[in-house]
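You will see two complexes here that share chain A, one where it goes with chain B and one where it goes with chain C.
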Partner chain A sequence: MSRIIVDVDGLCRSFGGKVALDRVDFRATEGRVYGLVGSNGAGKTTLIRHLLGLLRAESGKVRVFGFDPVRDPVRVLSRIGYLSEDRDMPEWMRIGELMAYTRAFHPGWDEAYANELIGTFGLDLSTRIKELSKGTRAQAGLVAAVAHRPELLILDEPSTGLDPVVRRDILDAIVRAVADDGRTVIFSSHLLEEVERMSDHITMIHDGRVMLSGEIEDVRRHYRRSRVRFADYFEAPPRLDNAFSFEGGGRTWSVIHGGPFDEFRASVVSLGGEVVDSRDATLEEIFLARAGRHEPLEAA
Partner chain B sequence: MDITIDLDGGVPIYRQIVNQIKYLAASGLIRPGEELPAIRTLALQLRVTPNTVAKAYDELERSGVVWKRHGAGTYVSEQRPLLAHQERLRIIEQRIDALLAEAHQLNFSVEDIVRMIQKRRAAMESAAADEPARAAR
Partner chain C sequence: MRSPVAAILWENWRLTRVETASRLAAGLIGGSLGLLNGSGVLFAVMILLSQHGLFWLSTAKLNGGRFIDGYKPGFPFHLLYARPVGTGVAVGTAMAYEAASGVVWYLLTAATLSAAFGQSLPLLSIAVWIVAVRLWLTCVQWATHSRVVQYVGSGAAALFLILLMSRADWTVPRVDFTPVDYGLLAAAAVLSVGVTVAGVSRQRRGDPRLMVAHAGWLGRLQGWLAGLLPCPTSSPTRAQLWYELRSGGVMVIVLGAVTAMAIPLAFAVSGPIADLRRLAFSLVVMAWPGMLIFLGGNAFGLRRNQGRVFASTFDTTQPYGTARMSWIKVLVRSVCLMAALVMVFTSAWASLPLTRGWVTAEQWATVTDPYFGGPRAQAIVEATGAEIVVLWKAHHALREAVFGMAGHEKAALVVLVMLGVIALVSLRAAIGALLMRYRRRTIGAGAIALVGAAMLALLSISVRRGIGPAAIAGAILYVVPWIAMALAVVGGGYVLWAAFRERVLTTRHIAAVALGSIVSGAAWLVVLGAAGVTLESLPATDILRTVAPVLLLAATGVLTPWALSRIRHS
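Presenting the complex of A and B:
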């Protein structure tokens, strides 16, 4: 069995009476990539801040490398590389100073790797952080996050607002952390294509709750997109077993559904319809269906 | 190695890698004894998690398309992949179904599609003929 790196159990958190995390369970094992998806404000960043010990669990348990990150910040944080969503770094520092500063905290700092990345990104060590463009700021933050070859790399919305070149730099860093060192990566993103490509495991958070969580292939296998045709005309989406969302209208509908396929088909047949075709749903379809954006047009 | 990942078709990524490497091997575009890219290299190229590439390589090894030299890379096997007839039929029918559905939506007739397939084959064959010349340069 692989080593458990992160173990979150029944984590609850609210801010000023508003529930931000509601009984969240999350577990990460060594050598794998974990994608966190969800709309803005769903709770992804709040979960990450608990892993870093920046927030204390109201109830529930948070363990990273077996330690409570609030009680044992040194033992936890020295082994984590973190790129925050707003890339908050000491604005007054020059890039070279940021590197020296970060290196001081991390005995495992790999100077050769840092220099290689700095060279690849074309970073000028004498530039101050506050003068950096969005892209170079992310690149500098990335070097600081990965050059000590952390056991756990956490990237919060690493791609937001970046051009494709810098996005690629970030994805490359994820691949290298896993392929070269067998490290564990947790990254949040609203870019589902990126998550689908880069994750071994996906956790979907919506309104502070885990909507679904599993190996990406398993998640995909449990949802299908089926096109159905009925003899009758339906004003509103027909009632079908395990259906999460509908598109279309009248006699033909495209349905995202879970559960055993035979059950779904039986419910279509019982309404005088047939399944025209069916395939695994894409992550985007699953997300939209589960996040409730494609509600039935009217109550059935 | 020329592999394209398509996220719209609902086919798992590792499965797409498996199918395309099987196709490349079966069609001679990669030859027996040839070394496949390292997991890290292909993962970087396709922008996918290395574990997905590892899973695809494992499956290719199980089905005899490639073999792994311990700690020294993955190579295309001497023998062509021997897929069961049913399996071959299933793979190709899936592709045909998807193609027909797409063609219908885009308003191409079946005759158009047959013509286009032949045209593409001609283009691929002439590209393959150019390959040694390019390598020589």
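Presenting the complex of A and C:
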């Protein structure tokens, strides 16, 4: 059995009166890629900040490598590579200084790997951080995050606002971290296609709660998109078993649903309808069905 | 909002309202104490000026911070400021708010104090001065992207405006400038607005300086200087020391060095011109509080963005212990500040002989008066405008006091001053962190402490003047400090317990704090002995009060790491 790297159990956190995380459970094992998805303000960054020890758990437990990141920040952070959403780095530093500074904290710094990445990205070591574009800043931050070959790589919205070239660089780094070293990667993203392509495991957070968590293949298998046709005309979406969202109207509806397919088909037939066609739902369809603003959810 | 102007005014009000409230309160309390204590109108006016004239930071808040806090120089276009209004409107409205608010708050406080104490305070002349100060300082912040120009401009503004103030006719309660000086103040105000609008317009069109940043000789020079101090990779502690030095420490030393170089220059060029002499005097006198206030704060490098204060994620995610990180931050800033202060002191001390020719024989006779600032010396200074005599008296007094000390006493004094600077920097860093983490609670506690202290001071004054029952007042004055001390002990105990529980501090850390406290205690006793104070001769309560300052270092040694941990793991 793979070693547990991250263990979050019943984590709760609120800011003022707003609940940011509500009894969140999350587990990550060695050598796998975990994608965190959710709408803006869902709680992804809050969860990541707990893993880094930047926030204290109000209740519940957070363990990374078996340690509490608030009480043992050095033991935890020395084994993590982190790229923040806002790429926060000292503006006055030059890229070379950033690398030297980061290296001092990580005895396992791989100089050859760092130089290779710097060469690939075409970074000039004498350039100051404040003179970098958004993409180049992300590349510099990525080198600092991965060159010490961390056991856990955490990337918070690594692709946001980046062009396809830089985005590919970051995704390559994730692939390489896992393929070459068998490390664990946790990354949050709005780009569902990217998460679907890169992750072994997906956790969907909505309004501070884990709405969905599982192996990506299992998740995809569990959800289907089916087109159904009824003899009767429905003003509102019909009541169907395990249906999460509806599109269409009248006699023909497209439904995102979970659970056993036979149960769903039986409920369609019981209302005088038939399933015209059915396929695995995409992650985006699942996300929109679970987290989107769909009034039919109540109706179903 | 009905118009862009109203929206901009509202934005400025939202950014400054808390600071406004605190400054109004501080002005009222400080001014009341001054007027009650017989220090007079002059003291009250100075208090109000410090609150509403100098050190106003609203523009800095809009700009993302203060000098050496990682702020972005220039107009804050980076904060989504690309608004569909003319540059004149965007800049002019904010500057008008800046100037008008200072004047309004000053007039309001001065009028309140005048009504409460029946003593008139100068109004319109000071208001004109405040307008000029505010507009100039805003101009310095916004009109340029160059930090060098900002530093020089701020210094020039301070000196020019202090010069005008020193030339004014202080026939309290009136303070009048000459017509020429009123003209100069008006010109400074108008020029500030014009330069700011022009500078911001240039930035709005794309400041070419930004486009070629560090491409010229300056960039090469900066690169060469950076190469002189490469980041060590051999240990995290060395890297952290380098980081603190580069991120703020070097700037503190450079500013100290520039001030130190300016002092002999100012003395040398002042010569027979009285106004320039006042300027040189102001430079020497203002350098100390200026450096302690502006360079001794924010050792944790907290950032500000439109009123929001936050810690850098880059800092807080480094795999380095919180206690060690906090101490390194405080130590580097303290050592750099000490270096800056030593440079300025040495420069002033060594340059003072340049002014010997300015002092007449009659004035010189007052230098050796045993009373620093004695009435005779004061009368001569007022009659001749020879403020430099005050410096000579300080020089003489210091010489008498320090040169007469034994070697170990001098060493103790040096240690004490160093530890004092460390405690000051440490305390300010901790308060800044607590303000960020527990803003309302910290402000509440500070307000209670301030009001409590003011009430005690008022009570003390009233007892001295024979107002009210002396017995009750005496009992209150006796009991309250003990209650405050008990609260401090309980609070300190809680912080110590919390720091242990959260593993911020270990027994090794506590041992280091204890060692520092023992050293400072020993130095304090030696210096007290040199001043002729022996503990044996004091009653028990006075002994406690006398040794209390030593506990400050121990308290900050525990409080500072705990405060950093509260913002690192919030």
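The rule we apply is simple: the second predicted complex is superposed on the first by the 295 of 300 C-alpha atoms of A that agree within 3 Å, B and C clash if a C-alpha of one lies under 4 Å from a C-alpha of the other, contacts with A are read in each partner's own complex, and residues count from 1 in each chain.
Assume a residue touches a chain if its C-beta (ideal position, glycine included) is under 8 Å from a C-beta of that chain, and two chains touch if they have at least 3 such contacts.
This structure is a prediction, so every number in the text was calculated from the model and none was measured.
Asker: Between chain B (first) and chain C (second), which, if any, makes contact with A:Arg197: first, second, both or neither?
Answerer: first
Asker: Between chain B and chain C, whom does A:Asp277 touch in the aligned arrangement: first, second, both, or neither?
Answerer: First partner only.
Asker: Taking the superposition on A as described, I'd like to know which of chain B and chain C A:Asp110 touches: first, second, both or neither.
Answerer: After superposition on chain A, A:Asp110 lies in contact with neither partner.
Asker: Just to be sure I read the superposition right, which of the two partners does A:Asp22 touch: chain B = first, chain C = second, or both, or neither?
Answerer: So A:Asp22 meets neither chain B nor chain C here.
Asker: Once the shared chain is lined up, is A:Asp172 touching chain B (first), chain C (second), both, or neither of them?
Answerer: A:Asp172 sits against chain B, while chain C stays out of touch.
Asker: Between chain B and chain C, whom does A:Glu217 touch in the aligned arrangement: first, second, both, or neither?
Answerer: After superposition on chain A, A:Glu217 lies in contact with chain B alone.
Asker: Check whether A:Glu30 is in contact with chain B, with chain C, with both or with neither, and answer first, second, both or neither.
Answerer: neither
Asker: Can you give me the overlap between the chain B contact set and the chain C contact set on chain A?
Answerer: Chain A residues touching both partners: none found.
Asker: How about chain B: which of its residues touch chain A in the complex?
Answerer: 5, 7-14, 39-40, 43-44, 46-52, 97, 101
Asker: Would you tell me which residues of chain A are touching chain B in their complex?
Answerer: Residues in contact with chain B: 31-33, 168, 171-172, 174-176, 178-180, 193-194, 196-200, 216-217, 220, 225, 277, 279-283.
Asker: Hey, which residues of chain C end up touching chain A in the complex?
Answerer: Residues 70, 213-214, 223, 226, 230-236, 238-239, 242-243, 246-247, 312-314, 316-322, 502-503, 568-570 of chain C touch chain A in their complex.
Asker: Per the contact definition, I'd like the list of chain A residues that touch chain C in the complex.
Answerer: Contacts found on chain A: 52-56, 70-74, 76-78, 82, 84, 86, 88-94, 97, 100-101, 103-106, 126, 128, 130-131.
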